[in-house]
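This is the structure, below, for whatever I ask next.
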Amino acid sequence: MNTPWQRFRQRLHTIIFEADTWAGRAFDVTLLFLIVLSVLAVILESVPSIARFHSQFFDRIEWVFTILFSIEYVARIISIRQPIRYVTSFFGLVDLLAILPSYLGLFMFGAHELAAVRILRMLRIFRILKLGEYTSAAALLAYSLRESRAKITVFFVAIFTLVITLGAMMYVVEGRSNGFESIPLSIYWAVITITTVGYGDIVPSTPMGKFIATIIMLLGYVIIAVPTGIVAVSLTTASKKLDISTQACPNCSRQGHDPDAVYCKYCGSAL
Amino acid sequence: MNTPWQRFRQRLHTIIFEADTWAGRAFDVTLLFLIVLSVLAVILESVPSIARFHSQFFDRIEWVFTILFSIEYVARIISIRQPIRYVTSFFGLVDLLAILPSYLGLFMFGAHELAAVRILRMLRIFRILKLGEYTSAAALLAYSLRESRAKITVFFVAIFTLVITLGAMMYVVEGRSNGFESIPLSIYWAVITITTVGYGDIVPSTPMGKFIATIIMLLGYVIIAVPTGIVAVSLTTASKKLDISTQACPNCSRQGHDPDAVYCKYCGSAL
Amino acid sequence: MNTPWQRFRQRLHTIIFEADTWAGRAFDVTLLFLIVLSVLAVILESVPSIARFHSQFFDRIEWVFTILFSIEYVARIISIRQPIRYVTSFFGLVDLLAILPSYLGLFMFGAHELAAVRILRMLRIFRILKLGEYTSAAALLAYSLRESRAKITVFFVAIFTLVITLGAMMYVVEGRSNGFESIPLSIYWAVITITTVGYGDIVPSTPMGKFIATIIMLLGYVIIAVPTGIVAVSLTTASKKLDISTQACPNCSRQGHDPDAVYCKYCGSAL
Amino acid sequence: MNTPWQRFRQRLHTIIFEADTWAGRAFDVTLLFLIVLSVLAVILESVPSIARFHSQFFDRIEWVFTILFSIEYVARIISIRQPIRYVTSFFGLVDLLAILPSYLGLFMFGAHELAAVRILRMLRIFRILKLGEYTSAAALLAYSLRESRAKITVFFVAIFTLVITLGAMMYVVEGRSNGFESIPLSIYWAVITITTVGYGDIVPSTPMGKFIATIIMLLGYVIIAVPTGIVAVSLTTASKKLDISTQACPNCSRQGHDPDAVYCKYCGSAL
């Protein structure tokens, strides 16, 4: 526990995985900065008019990011107690995907699509969200969405049924000559319509098709209200749960009492 | 009650209509799997590039599904006490529609539209939703929508009036030469606009028409809030109704205790 | 008070303006039916393919509706105590507009636009909404919207400012050559974008314009949440107010007590 | 404190910055009127068909507004105690931007874009919102949005990540030949899709691209529910905070009384 190597590993761990110390905070902010810059570089590199003149510049800067992220990746493996668990975790894979494309590009030619994989670095930002007040906000949102999982599943089963049935109906009514070439394409149209996106690339032409489309849109009105209501309700419940008096019972020291509680609801002693 | 035939019917009933036993659960999961597969087959069969090369394969697989669902249909009729009530029920008709098109296809030629009817099999999925925690979620959603029926009806009467009036107005303002060829078409446009779908197939051309369209869109902003508000409120009410224990304290007889409460939070006596 | 004419007027009043008696209820349902039919006739008459072959039929049926509504209009004037107040009221004007176009059409030629005015008959449906449980639902919705008037006004002032500022910005950035021909047209585009309608008739072409459009759309995400939140909150409050115990104080007989109130909050006597 | 100049400054201050006196109220209403008129003039001047014939009229009216707003600007500087703080404040800069373009136009030719800057006058309207009941409504909305700042930030970080990742995915799947020319353009498309705007200027062509687009749209369904839920919850909380009297009963010292309560609803003693 006292070898210099172990002390180094421990310090590394504090810097990389915790945000309490000055060094840890600085590390997080630097990393956030590097991630945003590297994602920006990937995005700009894809623009033809920019890439044409600065391709060498982007190649170089990409290697700078790759090397920096590689050092970080190795540092994470070194400092953690169970490296294998980290490597196979979600963020471990994302970290690997953030550096792999550059190394693979050395061996493979034309691996252009691989470059876009680097954009997954963006996901690493979520790791930084542990900073400050955003944790509790993120936790609240995540909790609400998890809480309403069953309701949202039921909602999506209903939506899928509706969209598939309506898509097949429009396929029969409008037919192949009006752009509704297959049931999958009609379902694609039904989703575009019911989510109120409305690209306008496929559009009903027959009066009957337009009538059905009108019904679908009006249905979509009430349907869009359902997930909103679900999330609003679970957010309210979640907010209240976190708001609930943090008063602990002096006898059994359990928490979660209502603000107007006079006696502990678990053991009955006065609060 | 003890003839082998009756015992067979009873066992069949337990498997098909209940989800408590191992066999019933397995039956539901298999059925869910078959329904999804058969719907997928109908969808893929409609894609020209797929159907061209595999039409024989789809014909065969369709007969497999038809025969399996026919056996299931007969089993349901046999096992139930009042077969006529089942056959004429909503799900009875859906079950029949799931197998009928294939048999009718033997006698009729060119019954292509009939094939799409098979997609109604999708509706059978709702029968499986009785599984697990989804029942209560579905019940909650259904209850909320039923509860807000009167409000949603009033809302839709208001929407219909608005959309018909605005459609007629645009028909007069824009006129036939600008694509607003008839009042039904103008109403179709008004629905596209007020639901924020916005295909862009019909679009106002005159300054006056654009001005009215702007007003409609901004109106739609507040209007879309109404069903959301309605559903959110009724979901909140429904959630609370199902949540709060109706247990009264035996000492002070006050209610409103949490489901996990052991002692009255007002007077401290055991519940 | 006892002349036959007065008794006739009184009975007429009961039938037309009240829905308690059998006759009044029948009158309302018949009227609803006639309004819907006459609106349908106006809508269908505007469809070229229908009007071409049945123009005479529509002319005749229109006169039937006009005469029936004229009789109703006269009956309303006769039966009411203050005819002038009725004639100048909102529904009085709507009733007049429902019959006027047909009579004016006798004297004026080419009064085609006038025909569309008849669609305002649709508004008369709101008078029938006094039937059944819909009254309280309509009252609740109307109350909620009225209650949130100040908030919605502030919201719209903010939206107008945003939309005008962003419209002018896009007019400068995109310019006349890209379809943003004038500031009003740019504002029209900004409204289409921020309300998520998205026709696609005007679309940014420059990278800078697309960037600003992206910002506007993401802004619209949070903005659309505001009216929904406002309406949801006022609906909740309104629902609670109507839910509140209708218990009257035995001493001062005032209502509006909370469900958990033990003493009257106005006079202090026990409830 | 009693020199005529100081008294003049004081009266000016009362008129310009306060809305309690008759003169102050009249000043606010006049200013509101002038702002709306001047913004309307800027908007109309940009319409080619109007500007062609009335350019001289707009030039003159613009100078009238410039001179009036200049007088107001000077009056504000004179009447306030710390003129520098006002000049460098947000509204001070907006006030300057409202008059500067006209003066700059005297020296620079072709400063057409500058004209659009004048539309920022619109922002001055927010200063007038201090009138009447709108203050509290605006305060409530502003408070709610501020309160949910952390949640909305987390939400936007998630949206950015999603939109960038999905944009890059579509860039790879659809490719440059189908209109997804660069990652920024694909992100622009993803924002158009997930916010349900749906212009239709860029649209997936490949089956795979359409499949991903369908997933994105359905995702957008739940995503749009999140900000609505956030704002609804914070509006509810904010409304309650401003509503419930914090008055405690002098006898039993319980709180939660309605604002119109005269007696404690729990023990019946006078509040």
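A, B, C and D label the chains in the order they appear, each numbered from 1.
In the analysis below, contacts are C-beta pairs under 8 Å (C-beta built on N, C-alpha and C of every residue); 3 or more make two chains touch, one makes a residue touch a chain.
None of the values given here were measured: they were computed from a predicted structure.
Novice: Touching both chain A and chain D, which chains are there?
Specialist: Per touch definition, common to chain A and chain D: B, C.
Novice: Please decide if copies chain C and chain D contact each other with the same set of residue positions, more than half shared, or with different positions, and reply same or different.
Specialist: different
Novice: Quick check: more C-beta contact pairs in A-C or B-C?
Specialist: B-C
Novice: Cα centroid separation between chain B and chain C, in whole Å?
Specialist: Measuring from centre to centre gives 29 Å for this pair.
Novice: How many Å are there between the centre of chain A and the centre of chain C, using C-alpha atoms for each centre?
Specialist: For chain A versus chain C, the centre distance works out to 41 Å.
Novice: Indicate the residues of chain A shared as contacts by at least two other chains.
Specialist: In chain A, the residues touching two or more other chains are 184, 187, 196-200, 224, 228, 230, 232, 236.
Novice: Within their complex, state which residues of chain D touch chain A.
Specialist: Within the complex, chain D contacts chain A at residues 150-151, 153-155, 157-158, 160-161, 164-165, 168-169, 171-172, 176, 181-184, 187, 193, 196-200, 203, 207, 210, 213-214, 217-218, 220-222, 224-226, 228-230, 232-233, 236-237.
Novice: Which positions of chain A touch chain D when the two form their complex?
Specialist: 39, 42-44, 46-48, 113, 116, 119-120, 122-123, 125-126, 129, 133-134, 136-138, 140-141, 144-145, 152, 156, 159, 184-185, 187-188, 191-192, 195-201, 224, 227-228, 230-232, 234-236, 239
Novice: Give every residue of chain C touching chain A within the complex, in rising order.
Specialist: Residues 196-200, 228, 232 of chain C touch chain A in their complex.
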